[in-house]
Amino acid sequence: MQPRLAPLAPSDALLLFERTRARTDRLAAPLSPEDMMLQSMEDASPAKWHLAHTTWFFEEFILRPRLPTYVSPDDRFAFLFNSYYVQAGPRHARDKRGLVSRPGGEAVRAYRTHVEDALADLMSASRDDADEIAGLVELGCHHEMQHQELLVTDLLHGLSHNPLLPVYREPEPLPVTSEVPLTWTKHDEGLVEIGHDGGGFAYDCEGPRHRTYLTPYEIADRPVTNREWIAFMEDGGYGDARHWLMEGHAVALREGWAHPLYWWQQDDTWWTYTLRGPQPVALDAPVVHVSYYEAEAYARWADARLPTEAEHEIAFETDPIQGNFLDDGPLRPLPGRAIWGDVWEWTASPFTPYPGFRAPEGALGEYNGKFMVNQMVLRGGSCATPRDQMRTSYRTFFYPHQRWQMMGLRLARDL
Amino acid sequence: MQPRLAPLAPSDALLLFERTRARTDRLAAPLSPEDMMLQSMEDASPAKWHLAHTTWFFEEFILRPRLPTYVSPDDRFAFLFNSYYVQAGPRHARDKRGLVSRPGGEAVRAYRTHVEDALADLMSASRDDADEIAGLVELGCHHEMQHQELLVTDLLHGLSHNPLLPVYREPEPLPVTSEVPLTWTKHDEGLVEIGHDGGGFAYDCEGPRHRTYLTPYEIADRPVTNREWIAFMEDGGYGDARHWLMEGHAVALREGWAHPLYWWQQDDTWWTYTLRGPQPVALDAPVVHVSYYEAEAYARWADARLPTEAEHEIAFETDPIQGNFLDDGPLRPLPGRAIWGDVWEWTASPFTPYPGFRAPEGALGEYNGKFMVNQMVLRGGSCATPRDQMRTSYRTFFYPHQRWQMMGLRLARDL
Amino acid sequence: MQPRLAPLAPSDALLLFERTRARTDRLAAPLSPEDMMLQSMEDASPAKWHLAHTTWFFEEFILRPRLPTYVSPDDRFAFLFNSYYVQAGPRHARDKRGLVSRPGGEAVRAYRTHVEDALADLMSASRDDADEIAGLVELGCHHEMQHQELLVTDLLHGLSHNPLLPVYREPEPLPVTSEVPLTWTKHDEGLVEIGHDGGGFAYDCEGPRHRTYLTPYEIADRPVTNREWIAFMEDGGYGDARHWLMEGHAVALREGWAHPLYWWQQDDTWWTYTLRGPQPVALDAPVVHVSYYEAEAYARWADARLPTEAEHEIAFETDPIQGNFLDDGPLRPLPGRAIWGDVWEWTASPFTPYPGFRAPEGALGEYNGKFMVNQMVLRGGSCATPRDQMRTSYRTFFYPHQRWQMMGLRLARDL
Amino acid sequence: MQPRLAPLAPSDALLLFERTRARTDRLAAPLSPEDMMLQSMEDASPAKWHLAHTTWFFEEFILRPRLPTYVSPDDRFAFLFNSYYVQAGPRHARDKRGLVSRPGGEAVRAYRTHVEDALADLMSASRDDADEIAGLVELGCHHEMQHQELLVTDLLHGLSHNPLLPVYREPEPLPVTSEVPLTWTKHDEGLVEIGHDGGGFAYDCEGPRHRTYLTPYEIADRPVTNREWIAFMEDGGYGDARHWLMEGHAVALREGWAHPLYWWQQDDTWWTYTLRGPQPVALDAPVVHVSYYEAEAYARWADARLPTEAEHEIAFETDPIQGNFLDDGPLRPLPGRAIWGDVWEWTASPFTPYPGFRAPEGALGEYNGKFMVNQMVLRGGSCATPRDQMRTSYRTFFYPHQRWQMMGLRLARDL
């Protein structure tokens, strides 16, 4: 993680920990033991694995090194629930996570409680390393928040393979809306600073804060909507190679892409599968579940481009005005209100290190640095992103062909 | 199915039905909801699917056509739980069966009960088609018995991917045994008759009974043992292409085969994973979990060959002397006692129609005929085969690279 | 090879050798150095490789062991031009044969002459092993004849990938024909003998001659024609899973098969690519370039079946009445005259050993035996089969999905 | 292409054209017709295709639109020899280029002459559009120079599959050298300008020239040598996941990478295959044929990093001091003299558009822009790069797993 200007107080860390763990439990509550097993592709993991892996993280990086009396309920969990930390030892094959029927859901919940109790004890004790522990707990909580969003999107992907189209949370009526005009904000040329400034938590890859030079541009005040995306589709956008990166068009042809993921057409209406079951596509909501390749092609079709991550960061120095929240709201963007925060926005920037970046030593240094190739940065946050996690310097990253996250786009233009 | 000389009495059919259904339930009883989801390869299916599919079979082929008042708990189950019967309508993708978390285990058990109740009612009624129904119930029971064996072998395969090596049934000590000598029985040249003779149940592909001409041969009185197989391994059998079919050796190299499936070596002892957990390989038990390619190479190495299915059928006109049974015994062959029935035995015969074979009309005609290419016949039966299913005319068939069934071999030689 | 009743006289062997080698040269004469490089799939080999491999065969199995003074132009050719004889040493990767630009066409032709000269000298010498040598030369010539047919069919496949549709031999007008009626010949039940009887050359797998029992059947007097095949297509035969083996239909769907290989439709007429360039499909000629899967589905659609190889062998105990010959005729079956010999005919028989078959010791024993799995026997011969090679006991074999050989079918029916 | 400050004089364009075409012919001269067919992977193309495609470029973009009387020797060449220009019409499958035996080498050479003659006539004529034509000819020549380097590297890859390790150009003795010390040049923080300035030819993606901000760094004065690379290998660099991008290590494991492409070890000495045949690895020459993944891992192992493309461009504002040239020198980097230009140097920069970049309209706009995803920029030039093509603003780009180009690396460090 990035150095913080002021360390998190241990008592605040404990509150964050309790709030975060409770949210994971709440998200998993409606799931049957069978639902918790679903792994529909290598990129996605079962909900049960998310519950266990986020727990292992606290065990591996805090309890084991700092509490010599700590006893794990099963030492073999370290093998099962390590994701990719080479320096934390060997680990189970990623694409086989859906084949781990045991430990079952109950055993994993017991594992969670076991670690939570031990950690609460550790944090209540008077220790010289209390600040360090608080910092690690904060990291673990942010790590778990990332997995909360993955849990939700992986679950959506998993359930979407069920021909019965299951409902995770009861549907609610969508508000009637009308088309939202597209307006632009201009930005002058000049040297700017981007990257996290040390106030509050951030991941290592959000820093160092540094200067970069921007040429004049303007950026849209809202993401692209479903209504606009359908216009692209109806104009033959998917089939016209001129709009596309060559590799993107090859993927689109091979995969038969003709609309965003989870969409289908029925009697002239576009429908989409959501965690609230099938719903008609809300025309004035941000489009979601499109790949970088599609986003980039759309932008060229619209005679615009995607913003770079620096342009995006400079443009949104304020808090998100998000239409809804993971904790109690609907699980797809709502129409008509999004400023930023409803949908992750693909940028034109590959995920590379900022000048001066060095990954920390040890296993925790494997957090972000080793992914810095072939992935594109998304900025913003989505209706499945915990509010605690949303900040303008946040860089998430995915492969350009991936669509199962809450991914959309916003346009920019040179001036 | 083959025509029977005498139809099964409806009351016997009901008893068979109850016995068969109860055995499935008993096999599934130790499984958690998560265990029931496991699908570790396209060839294998989740236990939950087996429970539902065998139920759908009765619903689709008996209740729907013959009981107009029958109402299914969910009409969409026909799509989810049809395996491959094209004439019974469209069906779910086979390799996605592990992604159906809903209906859950409880719902599937309720589906079983629902169909069982309706079928018991139907069979208790006085009807003109009672004999026909009894015949279909008999077929459905044999179909379910096939799935019992698959349930067990698919489960073994699924659990074997769990690094914790879970235990399905508690282990018991293995008897101490010594090497069993290999003896041979000679058979003269001549015209023989093979195929089912109509006494009792048989599948369509077991007939018509017909003449075939055999040249003189001798056949071993017991299957090849683990002790013998290890000698083949230690003699470099896996690496010496001269023993192998070219295609077989290519598969062995590509897959890195150097021993039967589920084996590993630890401190000079060979171990194997079983449904009773890890166990040392029992040297004098029949070898199991070897492919046709391996079996065929072993036979050539041993200066022998595999028997044809006619040679096998003629040699074993008696009941199996099986070391153990699915219902209450261990789930791997026991050492020292096997005559036939402990392990499926690969034959030299590709699965082709007998002279005069014609698949029945309609969806039930898809039972065996459409698989008659590229597969090899196995004869006998295994410790996971229900005793009701064992008869000398039974032909099971698998692809030559498959190993996850209880597959072994017996030698034969030209005279 | 099979034991012959009377050995081939050395002088006859020399004549056969000269005739065979000259035919290969004649076939290759129209090819440019670039044409000789084409390898369009792993199953096929470049013409240059065929020229070299058939030469290596004489070098490896006759000259090296029997002529101590023999010097090869390049010892490394043994690595490059061994096909699959494990006991003759390591060999080049089959799918990379098209990447061997050197030695070039001229060098390979020089290699041919070098070996031919040495062999002519050896055969002219007075030696104790003259009869053995004559027998090996005979085998080498038959081996080369097999490769002549492959050279032609591999070349057709290779050139078919060229959008310019090149012409290997000038086209000639097709005779106008009319529909040929389909008649049947009946055969009684009974014990028959099949397999080669030792009069003349045969491969090892054609024996031992042995008894087999046939049930009554009838067999068509000519192969299925293009006209009949088009009726199958127009009746939706390719799309109706009920006619197909399950595996066959999966292949047909995956590959998008809707007609024989090399066909396309243009203005309501079916065309086919041949070595004489594009030609309209001759309606009354035997259909060619269909897989076993397609042939088997056609037969079921026609309410018939494919004959077994024993049925086929018994039915054709006479010489072929072939419409045309490799040496000077057209390179596709001609309409209206075929009895047998115009097109290879898929049988219902998997390629398995005859009773009592044992592969010979040594590398030459790898000729046929190690292919005895997953392949189907074809009987007859085609317009690309040298006349010297055609006999009723001949068994060729290919995988059920393969279509690039001159493969057709003939119907049979149970009586 | 980028706008030039001063257009190229038509007479200079003609000289460039003649020089460029002659170089291609000289490179192809030692090749047999068979060599010219080699396509060893989809990324590579046959030499014959390069000869034809570079000719088609002049025909398609100059002769057809500007010379109404022009007649192509074969209009179908447009289909065969278009590479990827969607707006220039449909085209042949890239991975099937090695299957086009006709037109043969002679016909392609005749095509070259035909187009050269027509273009020379066009350029000699007095025309209003002479300057435009000169600009297009210049672009076509630079395009052909790119293909000269590809021809050489594709040929090396193709010939490397031949077990005889053919020699394209006679070997010459390697100079004896000693270790070259590694020195560094420091660069201050500050705003810089990069991108082509319009003086002379450049591709579209080299502009617009623009400002960017650099943090302080130092950069090595020479590329990494084979001696240093061997130290990395001997230190277990390939096997230690800590040095690697996660994706890079997965590729290395899957492909079994343990050294640069074309290397093997023999009696403690490392050898490499080159177009001059097998040669011992020259310890003090730049390492070549390493992927981005390997280069990036090496840099981390060496406690350094790769430079960004801006850092590289600023550091080398001078002409290359290249050890050797395509036209008459050896075809691998020479030891001991390289400053820049002997080997392409992987940078840390993904290939993305410069601020303000817009691809030109029409088919020529497909030149670079549509490749701007998932590829990394290399800077410099290699011993296979024509001298006319070397400039500090030049951006070439390849996928991070590719190794068959003359790819090496240079280190940089933060200050």
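Just so it is clear, A, B, C and D label the chains in written order, and each chain counts residues from 1 on its own.
One rule holds for everything that comes next: contacts are C-beta pairs under 8 Å (C-beta built on N, C-alpha and C of every residue); 3 or more make two chains touch, one makes a residue touch a chain.
Here's who's who by UniProt: A, B, C, D = Ergothioneine biosynthesis protein EgtB.
Treat the numbers as computed from the prediction; the structure is a model and nothing was measured.
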From subunit B, what is the lowest number of touch steps before subunit D is reached?
-> 2
Just how far, in Å, is the C-alpha centre of subunit B from the one of subunit A?
-> 46
Would you kindly tell me how far, in whole Å, the mean C-alpha position of subunit C lies from that of subunit A?
-> 59
Round to the nearest whole Å and give the separation of the Cα centres of subunit A and subunit D.
-> 38
Mark out which residues of subunit D touch at least two other chains, giving numbers and ranges.
-> none
Could you list each pair of chains that touch, in label order?
-> A-B, A-D, B-C, C-D
In their shared complex, subunit B is touched by residues of subunit A numbered 32-38, 40, 48, 76, 79-80, 92, 96, 98-105, 158-159, 161-164, 166
So in the complex, which bits of subunit B are touching subunit C?
-> 84, 86-87, 191, 210-215, 241-242, 244-248, 292-293, 296, 348-350, 352-353, 355-356, 370-374, 376, 400, 414
